[in-house]
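Here come two complexes built around chain A, the first alongside chain B, the second alongside chain C.
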Partner chain A sequence: MAAPIGTAMDSLSAALKSKIIPNQEYFLQGSILDSAVEVLLHRLRGLCDNVDTGPETFHDHEMCFSIRRGPPPELPLFLRVRRALDYPDMPWQLRYIGQPELGDKSQPTVVRSSLDIATSNTVVEFLTELGCRLDFEYIIRGYMFRKGRMKVTVSKIFKMNQGKLPDGMEPMSQSYLVELSVLAPSGQNAIAEDIRIFAEQLKPLVQLEKINYIR
Partner chain B sequence: MQREEKQLDSALEAIIMRVNDLKSTIAAMIFKVEHEYETLNWPNFLDNFALISGHLTSLSKILSHDKAPNLRNLTVLPLHLSPEKDEELLRMTEGRISTFAHDLVPDYLRTKPDPLVEQKMLTYETKVASLTYDASHKQVAQYNKVINHVWDIANKAREEWESETSSRATQAQTSNSADTHLLVYAVGNGKGLKSDTVQMVQGVGNSIGSNMMVGRAGGQSQTSSQGPLAGQMTKAPSTIKTNIKAASQIHPYTR
Partner chain C sequence: MGTGSLGRTWPAKNKWQIPGGYENGENINSQSLPIPNQKNGGQRTVHVLHNSEQPASVFAILEYGNKVVPLIADRLFDLVILKMTNVCTDKKQTKIECKGPRFELVDFCIKLGSVTMTQNFKGVLVEIEYRPSVVPANCWELIREFVQGFLGSAVSSQIPQYLQNRMNEIYQPMDTIHQYLEHFGQYRKSTGVI
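What follows is the complex of A and B.
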């Protein structure tokens, strides 16, 4: 009880050092046409764990903020805020995502560092006060499946129509975004192989690939 | 003479080995049927059949081999019959025969089929002999007809199945790589979502004021959040524009 102040930082760095914090996201991305999404959902229902309860649905609003760390050549820091539109009482989520590393051909998935925490609904104000700028935002709605530690999302991306939420949303395209990801502590590269094998099972319905979206 | 004997010995050894193989697979099959009948499935059962038929083929191959001795020309001559229990015989036959006695030997050394089988064969043979040529011809034709019919059905089913699989192979594309890139760039980088950023910032700023800051002194927070926001707005547009330009120059996703 009477532990000296400052141990929180110590224990955090100790946890980081011993690699127990799942701060690496291994993932692959792809898309499926609206016309075929039912087939994909059906297949995922068969392949994934939460069979009896059916897929979980989600309906989120994501805002991406950025803050400059230095003059232009240096990339800004990106922070994402996400809130569930279908569960307004849920905590909001603040997430840091690092630069994606594609690696060479032997590496089956993209890796990026990822940290997220639950926050109150005043996080947007907090970030704005810090000097973060809203870069872009979108509505994401779809289904989530689980397979062991893997998470599979099939979601539709909508553009925000200025100010008014969430009616009159305009879909980005005639496809659903498909993402297959795992959060794991750094150094657990075996999980990437699991992801690759699972992605194979979804072919030729969906081509899940390593895509570098930054350059 | 000695050479022939040697040949006979080796041939018999090979035949005995095959027969033992056959015996053990049959025993395994019987064991399965008796003990695992609850979990036994068809593929497994058919595998067993395949094993047995494989052993049978190899056995018949050995028997029909040029160098195989013609066993039909050889005789087994029982030299000594005894009603006493013979331990050695019991061991060799795995406990099946205990004595080499008069009542058993004729059965075991018999070269003709069982009397019952023999009788059946005889009745069939007389039946065949009594049939007229026309009648048998008719029956053969009828049998062929039935077989052909079944053959047709099987072929039709195969054709249907094949056309189905081929149509599945040529099924329409279910994903579009242009769409994939569009969505991934949008979510990861905001491409295509940033176009009216300035308006959006304002919109969200307002909505923060009205929707999200429930339970705070409205006027006060409004001014405090609007201040730095407005200050940034003067700077913001230039960086956004360069961002978009740079992005579209380097990676148009419709490459």
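What follows is the complex of A and C.
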């Protein structure tokens, strides 16, 4: 007789134990003024992997939900839903984001636990019925570059205009958000150093830093 | 056994092709997580199901009164559910599993699953799939004849309740899950073996 069939949870906890699930996000953030963004894009085109095809563009709608797990001081659970406005047939993305850890000076990047999950388009209704509250939502449009395992995004955030999608979008600010991130299994701290080195190469165009969200 | 409606018969020796026997076994497991009453009242329940036929997916069904919201997600969704342990009350006794061999006979796929609820045997579920067709209306008669061929007239000729309004729609993995959940619900209510 062959080996018994393991349950779904068994295989998941085995995957967790052997650390093959990418559940840690290492990242740095910064911003650049609209007037200088072209220079940064040129610089990234030179530094990153996808030179021949050019940067990938994206145009997403992101909704940020939270659900209370208990009375304060218990922190709520933060969940984000993202869908591609330019590819409406693509799966929607559900993302769990943990509390960012700044660490001490020797830690080059911010680390937060993160789970990226592709889902069906019923996810918003599912979360709403579950009792999640929509905190805020926005439209994000920009470019994505790759450098090894690193993801570099240069994007602009727009306010949601009720009922007017996506025409007449109003930008949040006169600058672009620059994000350098890697999603990796826990314990791979070496990748943080790679991010720091890459961030150095973008200076002085953009200052990528560990941002303290609590302040 | 003859699959009469196909107008072909198969030699007795080739009756069942058993690829890998139990290794190809079916495994549906379901976990129900009731959510305590919230501000606006009403009991919500999240059913989380896995099907070995779609090993990379998690199927979640949220029940809230008469409303049912299905969700299909990647396997990592299980980890998000774990994070919600304070939101959902995880009752260990609500875990149901349906496990057993999977057979292939030409275009049919047959699964015999014994249903256990926390180690207690509750009964056997038989799943028959006619793989070339995705529209239930086109193959219901064929499936019915096939099942009655080996389980006899004890099998109801009635179209399962869940499929009745969906006979002309494209059949999706979620439809299988819904049908299992319906049966699991009946097992949950009963105390003995059915």
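One rule holds for everything that comes next: the second predicted complex is superposed on the first by the 206 of 215 C-alpha atoms of A that agree within 3 Å, B and C clash if a C-alpha of one lies under 4 Å from a C-alpha of the other, contacts with A are read in each partner's own complex, and residues count from 1 in each chain.
In the analysis below, a residue touches a chain if its C-beta (ideal position, glycine included) is under 8 Å from a C-beta of that chain, and two chains touch if they have at least 3 such contacts.
As the structure is a computational prediction, the values presented were derived from the model and not from experiment.
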Chain A superposed: clash or fit between chain B and chain C?
fit
First (chain B), second (chain C), both or neither: which does A:Gln174 touch?
first
Once the shared chain is lined up, is A:Lys159 touching chain B (first), chain C (second), both, or neither of them?
first
Considering only the touch criterion stated at the top, classify A:Ala36 as touching first (chain B), second (chain C), both, or neither.
first
Which partner chains sit in contact with A:Met63 here, chain B, chain C, both or neither? Use first/second/both/neither.
first
Contacts for A:Glu137 in the overlay, against chain B (first) and chain C (second): which applies, first, second, both or neither?
first
Looking at A:Leu205, would you say it contacts chain B, chain C, both, or neither? Reply first, second, both or neither.
first
Classify the contacts of A:Leu47 with the two partner chains as first (chain B alone), second (chain C alone), both, or neither.
neither
Does the superposition put A:Ala84 against chain B (first), chain C (second), both, or neither?
neither
More chain A residues in contact - chain B or chain C:
B
By the touch definition at the top of the document, which applies to A:Glu129: first (chain B), second (chain C), both, or neither?
both
Could you state the shortest Cα distance, in Å, between chain B and chain C after the structures are superposed?
5
Across the two complexes, what residues of chain A are contacted by chain B and by chain C?
122, 125, 129, 131
Chain A contacts chain B in the complex at 29-33, 35-36, 39-40, 63-64, 72, 100, 121-122, 124-125, 128-129, 131, 133-138, 140, 157, 159-160, 162-163, 165, 172-175, 177, 204-207, 209, 211, 213-215
Of all residues in chain A, which touch chain C in the complex?
1-5, 7-9, 12, 16, 21, 23, 67-70, 74, 77, 79, 94, 96, 115-120, 122-123, 125-126, 129-131
Can you list the chain C residues touching chain A in their complex?
20-23, 25, 27, 29, 35, 38, 44, 46, 50, 52, 58, 60, 62, 64, 67, 69-80, 83-84, 86-87, 97, 99
Across the complex, what residues on chain B touch chain A?
173-177, 179-194, 196-197, 199-201, 203-204, 206-208, 211-213, 221, 224-225, 228-229, 232, 236, 239, 242, 250-251
